[in-house]
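Input: structures, listed below.
Each of the next two complexes has chain A plus one other chain: chain B in the first, chain C in the second.
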Partner chain A sequence: MLQINVASAVALSSAQKNKLEAALQKKYSQEQVVFNYQVKEELIAGLSVSVAGKLHDASLRARLNQLASKI
Partner chain B sequence: MDIQLAQIIFQIINFGVVLGALTYFIYKPVLKLLNDRRERVAAAAAAAGEVMQDKEDLERLREKTLLKASQKAKKMENDIRSEAQAQAKLMLEQSKKEIAAREAKFSAELSKMKKEEMRSMEAVMKKAALTMAEKVIGESLDNKKHQKLLDEQIDQVIKSL
Partner chain C sequence: MSKSDIFANLSSIKTADLQVKEVSVGKVISFADGIVFTDQLRDVQSGELVSFGGEAYGLALNLEREKVGIIVLSGAEQIRAGDFVYRTGKILSINVSDEIVGRVVDPMGQAVDGKSAIAADKEMFLEKIAPGVIAREGVNQPMQTGIKAVDALIPIGRGQRELIIGDRNTGKSSVALASILNQKGQDMICIYVAIGQKKSTLAQFIQVLEDKGAMEYTTVVSASASEAASLQFLAPYSGQAVAEYFLAKGKDVLIVFDDLSKHAQAYREISLLLKRPSGREAYPGDVFYLHSRLLERACKLNVENGGGSITALPIIETQANDVSAYIPTNVISITDGQIYLETDLFNSGMRPAINIGLSVSRVGSAAQLKAMKQVAGSLKLDLAQFRELEAFAQFSSDLDATTKKQLERGKRVSEILKQAWDLQMSVAEQVLMIHAAVGGHLDEVEITDLGEWEASYLAFAKSNNPKLVEHLNSGPKIATSEEEALQKLIKDFAKAYPRFYKKEA
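On to the complex of A and B.
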């Protein structure tokens, strides 16, 4: 069973969830996929997706952190 | 006037006797006395010469001793001066090293403090910049913009899979 954690600054709409789930289920078609959704205001904006320990962080918080480390 | 030979002979004999007596009783003792006196004077002169020689020897010895003592004193003075100079040089070098070490330590501490101060200032500025950015962005995003951003990012995530 593969757990996919999705965190976003605001709640995702059903259309957005469906789009994301369809793409991820296609990618991991060999496994049983379970989605967990969380709202994290500290992300400021955007979302982050964690799949099997691999994090795809596209949130504004992550970009600000990148900017901070560059500064 | 008749010359009486016997009278002449008597006179000659008489003169000879007187001369012999004078020679025996006066001339020889006086001569002996003079010789003795000359010998005493010579002995005294010789003794005086020896004393003078001794005095000169002593004088030479005194001068030699004084010269030796003077040379020794001069050597001691030079040795002491050299040792004092060496000690002064050593102390000067030690002081220089100590000052250099203190300067290096102070410089290192100053540099460290500067770096820490810079890091602290950077952290403060970074935090302030991020806080401002968060505030500005957070306030400027409404729900519509959030959703639009989420749509874009979902596409990005799907592409990156």
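On to the complex of A and C.
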């Protein structure tokens, strides 16, 4: 079973969740997936998705950090 | 920040390409005793710096199938269970520049002496493979410690690794301290790595360096007893990284590790907490490699590679004079000789408490100055004969005249090897004293007067024949003319100071 952890700055609506789950189901179609949702205010805005040791951080916090390391 | 900087940044903000990339992360599953275990983080390298977010960093040491063992280096108080652990893709390194000389830094290269931050010039890796044979050459220059017993009998060359070993309170650090103090004006950079020491002791040590003007060419790397084991474990490698920065510039460096017993203990603590299998005395299997890879980085490079050198003086503390314990034997076999200090000698007033019989230098005499080599040869012989006779003389009361003479000579020769820790002696001073002792010029002097005799004689020599003293300082072979001058000097001194000599003389 594949655990997909989704962290967001604000709680996601069920419509948003459905959209996200549909997209991720397509990506990991061969496996059975479980979604865990979490609200992390420190992300400021956006989502961060981690699957099996890989993190896709699309939050504003991550981008600000990237920017800070570039300048 | 100036205005132009702000605008430069604005444009870089505009052009910055902020993408969402897939990065490897692990989750903190446990954090105790400075050790974090994370799951996943699959592609992490061994020895890679990892980030816990913010200012918290760690070093990945154990890579296993299901988890990664990480030692925490900083920001331990920020780490929570469930936190992400990120790879940084960096191998542990510290920033070094010329400004580091005269400073006290922690193993991460950060200033801890309350002065300004140290500018970064070059990133030096903490772990580095030692220079190969092609880049090296034989040790051929002396590293004068300013201690008679060491420079004459256990000479240390630039690029050598000489172990200082002994029980607690036998003056191990003092030998190292004296060596650092004696490097003044010798174009040598000194690095003192304090591992697991009390901060009060270290503060005293630094005070002495400052008072004697030795901080001008010395860097102190400190991982005191209150620091985490991970930092104590890294401290000697940091010191070595700083040394290599100056080595790359062709400089001669003296590095002191005070002491490697504590270092081995810190590494044992880490290894046990990482659940690595333990071996003898509960040390992990690679504790030999721990020290050998560190001390192999001491070297003398050839001219094509800059010609610099790193001389290492590791210190090992023994328990009850047991040099056959695990760590002492390891380090003895790694180094090019040892200075063996003993409690009994120390308590009997022999300071430095060097046991001449058990101390050796495996390469030093090749690097010894010619004049010193000349006088030290007979010194060794006198002392060896004395030790043999001394044991023998305890059994028989009536000794023949020759034996008695040898005993008296030996007593005086041993006596002149005594030296206050803060008294640095130049080559000329050492040669003058040893020449006088082995030449039999002290046989008429009372042993109790020898200290005073030494001071008077050296002052007399400097004022009477400064040319000769200067010549001896440069260290060439003592030719017949100089030998005559030395004889004359001693005779003149005997006339000028008759009070030192017995009536019949």
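Convention: the second predicted complex is superposed on the first by the 71 of 71 C-alpha atoms of A that agree within 3 Å, B and C clash if a C-alpha of one lies under 4 Å from a C-alpha of the other, contacts with A are read in each partner's own complex, and residues count from 1 in each chain.
Here is the rule we go by: a contact is a pair of C-beta atoms (placed from the backbone, for glycine too) under 8 Å apart; a residue touches a chain by one contact, two chains touch by 3 or more.
The model shown is predicted, which means the values in this text are computed figures rather than measured ones.
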Quiz item: Can A:Leu12 be said to touch chain B (first), chain C (second), both, or neither?
Solution: first
Quiz item: Among the partners chain B and chain C, which is in contact with a greater number of residues of chain A?
Solution: B
Quiz item: Regarding the shared-chain residue A:Ala23, is it in contact with chain B (first), chain C (second), both, or neither?
Solution: first
Quiz item: First (chain B), second (chain C), both or neither: which does A:Val39 touch?
Solution: neither
Exercise. Figure out whether A:Ala58 sits in contact with chain B (first) or chain C (second), or with both, or with neither.
Key: both
Quiz item: Is A:Ile71 in contact with chain B, with chain C, with both, or with neither (first, second, both, neither)?
Solution: both
Exercise. Check whether A:Ser50 is in contact with chain B, with chain C, with both or with neither, and answer first, second, both or neither.
Key: second
Exercise. Using the superposition described at the top, list the residues of chain A that contact chain B and also contact chain C.
Key: 56, 58, 67, 71
Practice problem: Sort out for me which residues of chain B touch chain A in the complex. | Solution: 122, 125-126, 129-130, 133-134, 137-138, 141, 143, 145-147, 149-151, 153-154, 156-158, 160-161
Quiz item: Across the complex, what residues on chain A touch chain B?
Solution: 8-10, 12-13, 16, 19-20, 23-24, 27, 44-47, 49, 56, 58, 60, 64, 67-68, 71
Quiz item: In their shared complex, at which residues does chain A touch chain C?
Solution: 50, 52-58, 62-63, 66-67, 70-71
Quiz item: In their shared complex, at which residues does chain C touch chain A?
Solution: 9, 12-13, 16, 18, 20-26, 39-42, 84, 86
